[in-house]
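I've put the structures underneath this note.
Two complexes, one shared chain (subunit A), two partners (subunit B, subunit C).
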Partner chain A sequence: MRRPHVLSILLALLLAAAPAFAQETTITLGRFFGACDTPGVSIADAVGEPCIIQAIVDAFDAADNGVRVETLPTDWGNYYDQIKASYAAGNAPSVHVMHSSAIPEFASLGALADLSEHLAAAGIDTSDWEATARDAVTYDGRVYGVPMDAHANLWHVNLELMAAAGLVDDDGAPILPSSPEEMLEHAAMVRDATGASYLAADFAEFPIGVRLVMALAWQQGAELFGDGVSNVNSPEAVRAVETIVALFDGGFADPRLNYADSQQAFLDGESAILVNGTWVVDFYGAQAANTNVALTDYYAADFPTLFDTPATWASNHLWAIPVTTQRDPEKFDAALELLAWINDQNLAWSRTGHLSVRTSVLESDAYAALPHRDEYAGTIEIARDVQPVVRYDAVQDVLNRELQAIWLTGKPIAQALADADAQVQDLLD
Partner chain B sequence: MATKGRVLTETAAATSRVARRRFPWRDAAAGYLFVGPFLLAYVAFLVTPFVRGIWISLHDWNLLAVSINPDAKRFVGLDNYTRMLWGDGIVWSLDHQLVPRLAGVVIVALLAWWWRSGAINRSTALAGIGATLLLFGLLLGLHPGEEGRWGDRRFWPIVGNTLTFVALTVPSVTLLGLALALGLNRDDRASAALRTAFFLSQVLSVTVVTLIWQLTFSPRQGLIGHAFRTLGLEPVSWVTSIDLAMPAIVIATVWWSLGFAMILFLAGLQEIPAELYEAARLDGAGAWATIRSITLPALSRTMSLVIVLQLILHFQVFGQSHLITRGGPNDATQVLVRYIYQTGFRNSELGYASALAIVLFVFMLVFAMLQIRASREEG
Partner chain C sequence: MVGNRAARRIVVIVLMLAAALWVVPIVWMVSMALQPNDLLARTTSNVAWGLIPWPFTLDNLGFVLSSGLTPRWFLNSAIVALGMTSLVLVLSSMAGYAFARIPFPGRRLLYPLVLAGLVIPEQAIFIPLYTMFAEWGWHNGYFALIAPRLAVPIGVFLMTQFFRGIPDYIEEAATLDGAGRWTVFTRIMLPLSIPALSTLAILTFLYAWNDYLWPLVSASRPEMFTITLGLASLQTNFAQSEGLGRVMASGVLASLPVVLLFLLFQRQVVRGIAMGSGK
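Our next item is the complex of A and B:
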């Protein structure tokens, strides 16, 4: 008698579960930002990029909308390699995050679904997007993504060290340099007063150094590349690199720090400035509040203008739908629904420190009230993306390699930039 | 019973003889049946991808573009290979890389001396001298002239990095593995525990190994950094130093693969009959003489196996370089497989990546053949 009993229970379970299976549409989601260490928190309580995005996606997944979202591994370093491999294998995620700099490559090959005609129906009001964000997701006049933020390089400041060096004004804001020469003076003041380094950044691993050099070239009115022409070996680029190398030569910065070590040096109070993106503002704020962390007085400043024109490196995170998802109308609709939900959560995502891309959010009181937001309010004005290049990843790799050769191996600047110039030109041809 | 059994066996043998005469193909068929499953898998998973790899290497093949539009590839013949191995305005001069090339003269002299003293035979000596002259005399003298440049200026330095990695790792693992095996080839408990301890690192995946060593090398959080600080020294940035990055991944690799070499050597040691050692002891041979005259010659086959396995394994190094140093700083630890991976997946140049893979295969084949040939000669 036992067996039929078990079987009938199984059958009943199956029958009960069947309608649920039948109704749910499962979509897969590809993203970087890393894994959230404390899953299960609400959107309002989440801190840091990984947990805020996970909370946003989880809330959509849990809602009674007939859509289940499966998040794929969230590793940063190999993200684009994995995404490209998944496209090549014919199993691209239903929806995935990417940078605006990657749009030309993916869109020019026809890998992304053209969303131009679908966004309004999904409840996404593109007229609320900032113009720069709309441009960032547009290729050849068609919209290929939903922008989630603008992120830019900031100067993260340890106010305690700056105050000790007399580099804080009456309003409590740090006094930042307005020329390369002044930067070296400030650096010497910080060292004399505190013994700390003036500036730390990841010069040895990820392309933060490349973004620094690009910003300093833009400030002199020069592009490193664009319109099929490499201009890496220009006098402006040389000047930009010299500005940074002077910090190393003076002992005011250490080129051998990678991302984790440069961040640790800043949190340990060993460096007055850290050049890093908007994505860590809430994290550093939380660290400064932690009594076990040496950094106590944290300020997020706009990238200073060392030359003529204000500029800082910036990019956009955006969500795109592979053209393969479009073949399954149910999944395509579910993916669009998810993008609309993410678009609605723009304020929550901005808590990371990123700049909002929606006018309505940018103008809201809640946005202005976010911690440190007023300190780098000018960044949105000076934020600047790289020129659209199909093989941007490879170009950035070349620049990162040759710049590392300069500050880690002592390769002559002229030689390194000439080598980089030839390789970048090859990639643009 | 025994008689009955033999009768049955003989009957069966007779039947099979008859069958063989009548159906001569039956043995062959049985043979093919046995190797069939393996051959199927071998053709499907090794030969086909390999041939396809060669085919792709003859194309300008963008990974993403071809996946969306299969016609987006373009046949370019051997262009990928010329880009890799050649360039514009390449010239040959006698004094290019003079110092390394003088090493070639030394190698030729050594080979000639070994030949004369009978350590190696004529064909090996001539092959060795020929290869050395080709490499050091001809190939190392090639370089881009004025206005000239290599088609792929990163390729040769990356080949150099890979060879450096192999040259540092394989002898270290082999010698240390042998030393450990000699030291721990005992029956006591401590040796058994140590054998397990040394072998444990081997079972870890490359991800775990690199994570452990990333932490160990970190100047701020790492074990080595703390040790330096305790001694009042400035911690060293291993993975971002141009001189220490390669040693760092070699150290991690040696730690990781030592256990396997040790186990192979231990197995080899246990094959050596105890009587030989006893006889040596009676003859009054010391420890060193015993190792040199009995242990090492008896282990020559194991040694050869360890070296060939290590060569094949370490030419394909990827994880350590990818995860610990990201190929940096400035390509100092960029190795061939990581370059292939980045070319194919990050830059989408599948055609060029396949050409690189074929060349890596040729390198590995040459080195494995050289080693096998050398060990045959000794045996």
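Our next item is the complex of A and C:
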């Protein structure tokens, strides 16, 4: 008699617990950013992109919300190959990170869920998003993602070298040029005073050079491409390229440096300025605090205005939901809940150095208190993304190749821009 | 005699220099794997052009080894590489024997068709193969990682050529002794073809172990990653500048099985390649 009684109790317990198990919805999350070297760390203690995003996701996963999140990490270089393959196979992650420049390609194919009517119900206040971030996740008037940050090109400054050249003002901020001519004057001052080069950047590999040229074209009121038309071979583009080439011709910058080389030159005190993104602010801050590093006085400055209109290249990391997830209401709701959680953690993500995309965060004291943030507070105002182009990656590759042909192989500017113009137009047609 | 000896010494010295040049990148990789990342972000030539790992750390190797699924990724790679190698040997040797020794109808047409596979680039069949596997629901499984590489025209060619080189009388003698086709194949021909099989096995294993592109798209779940894919997924966005030590540690660990394979079987590798080139 005893055994049936015990079995009944166990059965009753299992039945009682069953709804709790049944309620748990598992969603998959695709991302790059790499692996966290201190797994299990809290959001507050996490440092760097991999750990902060993992801590945010882990906290959501651990919460009593009935949602389990399975992370599918991929390396950055091959991320889009894998994510596109997963779409083709019909097994895309329930939610994944992407760049704003990729939205047109995915949205035009109907691959992304239209979130326009679902965000408010999920508790995401889109009116709190900064205007450029809202534009970044919008395609044809519909919202296809939740922006996580804006990352833009900055001028990372070695204040010690700049001070030696007399290029630091009374407030301790670097004096940056306001025209191409003044930039060359400053470059000569730095070289004469310190022997260091003026500016370093990855001109040889990563498309920092493309982003520089685009920013300088925007500063002259020109777009290199957009609305189906290539404007790469324009007077503004020529002027932008000439501005950069003048640095090489004067011996103030080295076009052969790649990402790692240019960073080493900056950290070793061999270059006064490094053009790179917001994502390295905290890393350079930490390096400057290291007594073994030549860079001792670091400043993260807004990209200077060399022409008429302030502008710097920017992009956004955002979270999107594939349309396949939308077909499963439970997963879709769970994915939206996760996006709302990530949206709430915008301040934590900003510790990476990226710019917040939420007005409430941007205006908060906590954000202002983050290292160096006050130095490049103006960047969010001048940040500009590329025009929405379905084949943007290919366009960027063409521009990078032709620009590198100019400064690495001596290809005439006019010929390179004409070649690039024809190829970009082909891609836009 | 003196002239010959001097010439031989010069040749040895040149070969030693060439070997040293070949070894330098490997030593550099190992050295960087044993240096701190924050140092490598500033310089990759700290002591003796970076060839001496100082300051020394095991953090990078520890990070890679302690990252949750690294043992699983090694296991996956081993399963895929060994599974692919075994099946390629079976299929290629059987096909090679048939083409070389069995006068079946259509052989003269079929053999060139198989060899035509040599001129079809892998990328050309990539998308249809991928979508086909997706429709069948095979992705994220061992079979999907192994199956696409089983039809190896170069393996069939190698084995066919080898079997053709074995004198007919050996097979005829076995047949006279009452051996059937299967017995001749398994008991006579396969043991004789061990050098060719060794070459094919090693080439296939190396290919499978180092493969990246197909696992990248076929395996999206971390538990199904191979070691090349898994180690890449650990890298941060700008690992080449901020996590160089870990990148190199990944390279060291991923290449260890291959190096061990070569050290254990180098005699067979060299003999097999020499034999293959002579055919």
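In this section, the second predicted complex is superposed on the first by the 404 of 429 C-alpha atoms of A that agree within 3 Å, B and C clash if a C-alpha of one lies under 4 Å from a C-alpha of the other, contacts with A are read in each partner's own complex, and residues count from 1 in each chain.
Please note the rule applied: a residue touches a chain if its C-beta (ideal position, glycine included) is under 8 Å from a C-beta of that chain, and two chains touch if they have at least 3 such contacts.
What you see is a predicted model; the values in this text were computed from it and never measured.
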{"item": "Three-chain arrangement built on subunit A, subunit B and subunit C clash or fit", "value": "clash"}
{"item": "Which of subunit B and subunit C A:Asp81 touches, first, second, both or neither", "value": "both"}
{"item": "Which of subunit B and subunit C A:Phe283 touches, first, second, both or neither", "value": "second"}
{"item": "Touching partner for A:Gln263 - first (subunit B), second (subunit C), both, neither", "value": "second"}
{"item": "Partner chain(s) touched by A:Gly90 [first = subunit B, second = subunit C, both, neither]", "value": "both"}
{"item": "Which of subunit B and subunit C A:Phe248 touches, first, second, both or neither", "value": "neither"}
{"item": "295-303, 313-321 or 331-339: stretch of subunit B that collides with subunit C", "value": "295-303"}
{"item": "Overlap of the subunit B and subunit C footprints on subunit A, listed as residue numbers", "value": "77, 81, 85, 88-90, 260, 264, 268"}
{"item": "Subunit A-touching residues of subunit B, taken from the complex the two chains share", "value": "62-69, 72, 149, 153, 218-221, 237, 239-242, 326, 328-332, 341-342, 345-348"}
{"item": "In the complex with subunit C, residue positions of subunit A that touch it", "value": "30, 32-35, 37, 39, 48-50, 71-78, 81-82, 85-86, 88-91, 93, 259-260, 263-264, 267-268, 279-280, 283, 286-287, 290, 292-294"}
{"item": "Subunit C to subunit A touching residues, read off their complex", "value": "38-39, 41-44, 63, 67-68, 127, 130-131, 133-134, 139-140, 216-217, 220-222, 232-244"}
{"item": "Subunit A to subunit B touching residues, read off their complex", "value": "77, 80-81, 84-85, 87-90, 105-106, 109-111, 204-205, 255-258, 260-261, 264-265, 268, 323, 391, 393-394, 397, 401-402, 404-405, 408-409, 411, 419, 422-423"}
